[in-house]
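Letters are used for the chains, namely A, B, C and D, taken in the order the chains are written, and counting of residues starts over at 1 for each.
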Amino acid sequence: MDLRLEHASLFVLVLELLLCGLILARIFAARGGRIPFIRRIPGLSAIDEGVGRATEMGRPVLFSLGLGGLDIVTLQALAVLGHVARLAARYASRVIVPVVDAVIFPVTEEVLRDAYAAEGKPELFQPEDVRFLSDQQFAYASGVMGIINRESVASSFLFGSFFAESLILAEAGHQVGAVQVAGTPSTTQIPFFIAACDYTIIGEEYYAASAYLTQEPTFLGSLIGQDWGKIALLATIVIMVGVASLWSLTHGGAMTGFEEKLTGFLQYMPGAAAGR
Amino acid sequence: MNLDLAIWALAALSTLAIFSILYRENPVYRLFEHIFIGLATGYGISILWTQVLLPNWWTPMAGDGKWPWIFALVVGLMFYTIYTPRYAWMSRLLMATLMGMSAGIFFQGFARLYIPQLAASFLPLVQPEPPYVLFRNLVIVVTIVTVMTYFFFSFEHRSKVVRGSASLGRWLLMIAFGAIFGSTVMARMALLTYRIWYLLQGRPEIGT
Amino acid sequence: MSDAITERPEVTAQRRQSRIIYAILAGLMAIFLLFELKLPFLVGPQARGLYEAVEKVPAQKPILLVLNWAPGTYGENYPQTEALIQHFFLARKPFAIFGIDPVGPSLGQEIAARQAERLGRTYGVDWVNIGYRPLQLPMILGMTRDLPGTLKRDAQGTELATLPLMRGVHSARDLGMIIDVTPSATLDIWIQYFHGAVGTPVGYAPTAVMAPEAYPYLQSKQIVGMLAGIKGAAEYAALLQQRPDASLAWKYPPMRAMNAVSIAHVLIVVLIVLGNYQYFTRHRRREEQA
Amino acid sequence: MLALKILLGFAAGIAFLGLLDRFTNTRSRRLLMVSFTFLGGLFYLLEFVIPPGTGFLGWQAPNPARDNFLSPLIEQIGQVVLVIGGFAFGLGLLNLAALHGRTLLRGRPGWVNSLAFFVAMVGMTVAGLFQANSPTLRTVHRLLFEGLYQPLGASVFSILAFFITTAAYRAFRIRSGEATLMMAAAFIVMMAQVPMGMMLTDWLPTQGWLAYFRIEQVSDWLMTVLNMAALRAVGFGIGIGGLAMSLRVWLSLEKGTYFGKEM
């Protein structure tokens, strides 16, 4: 459907307010002590196992943040990195983080340094383990492939936005026998992670990672709010499928009028300048 | 020396060096990996200057006399305070502002990405649509509903309906992932075919 | 490797197995590229649709061949372009090369010049190269109304209006067809502003990855046909071969390339079957032991 | 004159930062950070939700039918962020130079690679920036770009063909219902792409209801109906997840590393 949404329409505004309201309400409820229960996310429990394995074998952990710049996806990957780094610090393991974006680079270094400091082992942090490789996709991939092989990493965690290089990183890790956990909202790369990794975190589970790993009330509440948001979307779909079916029945199956009306409604914004 | 021949020879050597990692990591791969990263960095620098900083910053400032653009450099320098614990907070302030901006941008992105898709899911499920259209619509709606229930984090254990829907959703998801995998194979094979052809030709008249 | 003791037991074995698979894949591809082997072949309806649409273009209406690819997708877009250009020359359909990517037209120039020399076709009469213009909406809109007035000169700086081929061309209405050879999402432009506005037929030659997005347009007949990646190029080559006047010369022969790709697909299928057989026998052995 | 203005501006900017550092403490910095994060997000939010045509104190967008008074700023802010982000490239450069410089100067094993890195980087930078001025540099640029950079990238990319083969070999085993479904779908779509696969169902008619069972039709249906719907549903979840995360970052509710730290 060809919708013009350069600016929010009334529908968009109401929907986003509703979704944000649901999420915020559950966050504050959880902070107020109503800690909810969430289901297990299998891949995430494997992270601890992966770091433990690195310690046993005396080999490093690799953590790739994907190709994203400073956006929501990469921030979530950094949150997971924080958890991995604290575990690694606790067990005195190394975490190698190849970075693709110069803006992300200092943030990554700080996340790692803080994690080692928080576990009381600041001396274990090696600045050389956070490496800016390249901002070019395949130069980055070749570098990561080299690191995985040379360091013979014990486990490899791939979190963030990935593109065609996903399978290069995952298959290289598989070849050195690393335990691999991947998570990405880049849906088209998930099949390759499923094929080459031990555990893959799919779709929205990616955003549930920090809640599951930290059991922090804010995150748990947020997750429940997200569930309510999905119910709201599902309800919208079910109701509108009903409306569309009714339209189809009463208009002899001709749906153009329905689409026109729908487009008009979805784009409608009171107070917008004339001439649209 | 013939430049085209030199280019062909270098390109063939590069290809073999990269492919050598398929056997095992080795000094030749390592050398070319470092050359590649060096070239990419150099390429990045020249692109950064010619396509980003020169037209967007230097020319407006030094050419068109818009001197306040120098403040962009001052702000940019705040990144580098990260190396001094005393001033590191400045870099964090800059970073936090950028994060806030990307959060704000997501509110726009959400609407533009997902609202049209939401609207496209409002499909009729009853007559007098032709049967194959109805079947298609039914599959689309059922897939959307069941896959979305798979991603519920709190309801799964309470209701049998949700559990059933979620596992159907996961099955449909796997079919979709398989289809993506299959549809990518040909494009990847075409890439390799051309690389091998390039090597086999042994002559420099073909593009890299 | 010195630290082989700490590896997962199955890893070295698996790595050895992988090396064998890599060697087989590369070897098979090389064989099918080196020799013109006959594999069973079918021409799909999309390539046929494009071929027939080109045949139907009136001789006085030039075809706009839009080349938006760069060396990155050489393996797919080069043979497509080479196939299309040979068809235009053989069937005497005048065409103009154009691009909104800086490299595409110069790559097309090389192919067209080589084929023109071989087949004895003349620049300005049988073909022109307009060159590259950065994509801007006003330019696209201008092209639909006054093509030579908007684009002015060809890649060598000759006034378009003075070229015999362009003499009858004023607006988009005078174009016989538009074919977009591209690795990126540029199709919308031609559908929206050319086909949508004046009904110019549009053909599409994308990389295989981009092809699925075009199905809705094919169904609604907004595009007359499509060459999907290397397979499309090979299908087109097969159609060309059936011509009585077929005199073809390839720099990167699409048939051989497609054979190599086909054999790779077959290899994967064989490997999957083999893998499952292995898995079952091992499974059964374990069950018997238990 | 302009140079002086620029220099003075630079000095003033640095001085301002110095004063900011002098007159703020941990708490006010924290407050500053929270409010900057909020304002940064608020701008994009307001630009989105304020109806087009809205002005502010007589300030109007040039194209009121599409834009509100904040819209013209999007491009300018984008340009500023682009430039500022560009300056961050030096951080990556420093890291690379430090890592390889140390290896090179101390003559550690692998110093040859580090040397190659530097030569490649400097060569490409110089050739890239100044190739317009010298034919020699143009030749060097072609050698580096067409002879090394492009084929290296294309080769790394084409390694995927090898990896996709071994990944399919390993992953598509009939271990579970899920793996079987994934394999079946991949098989159909893969086969539909090659003539030999299309022959499997070539005996079916091309017209009538049986035509729907031709492999290319089934593959097409899988991609455009089932795959599309499944990806759409995954997308909705990801969208809401991203929305929640954005909300937490924007309102400084995010916890854990990097967030909510002492300044």
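FYI, a residue touches a chain if its C-beta (ideal position, glycine included) is under 8 Å from a C-beta of that chain, and two chains touch if they have at least 3 such contacts.
None of these values were measured; they are calculated from a predicted model.
Relative to the centroid of all protein Cα atoms, the closest per-chain Cα centroid is that of B.
By number of C-beta pairs in contact, B-D leads over the other of B-D and C-D.
Spacing of subunit B relative to subunit D, judged by their CA centroids, is 5 angstrom. Inter-chain spacing, taken between the CA centroids of subunit C and subunit D, is 27 Å.
One finds 14 Å separating the Cα centroids of subunit A and subunit B. Our note on geometry: subunit A versus subunit C, Cα centroid distance of 35 Å, whole angstroms.
In subunit C, the residues that touch at least two other chains are 14, 18, 22, 25-26, 71, 208, 212, 231, 261, 264-265, 268.
Contact with two or more other chains is made by residues 18-19, 21-22, 30, 33, 36-37, 39-41, 43-44, 79, 82, 92, 98-99, 102-103, 106-107, 110-111, 118, 120-121, 141, 144-145, 148, 151, 173, 177-178, 180-181, 183-186, 189, 191-192, 194-195, 208 of subunit B. For subunit A, the set of residues touching two or more other chains reads 8, 16, 72, 75, 103, 106-107, 110, 135-136, 138-139, 142, 145, 188, 191-192, 194-195, 202-204, 208, 223, 226, 230, 233. Those residues of subunit C whose C-beta lies close enough to touch subunit B in the complex are 18-19, 22, 25-26, 29-30, 33-34, 71, 74-76, 78, 107, 207-209, 212, 229-231, 251-252, 257, 260-261, 264-265, 268. For subunit D in complex with subunit C, the touching residues are 150, 153-154, 161-162, 164-166, 168-170, 172-175, 183, 187, 190-191, 193-199, 202, 206, 216, 220, 223-224. Considering their complex, residues 1, 3, 6-8, 10-11, 14-15, 18 of subunit C touch subunit A. Put simply, subunit A touches subunit C in their complex at residues 57-59, 152, 175-177. On the subunit A side of its complex with subunit B, the touching residues are 1-3, 5, 8, 11-12, 15-16, 36-39, 70-72, 75, 103, 106-107, 109-110, 133-136, 138-139, 142-143, 145-146, 149-150, 188, 190-192, 194-195, 202-205, 208, 223-224, 226-227, 230, 233-234, 236-238, 240-241, 243-245, 247-249, 252-253, 255, 262-263, 266.
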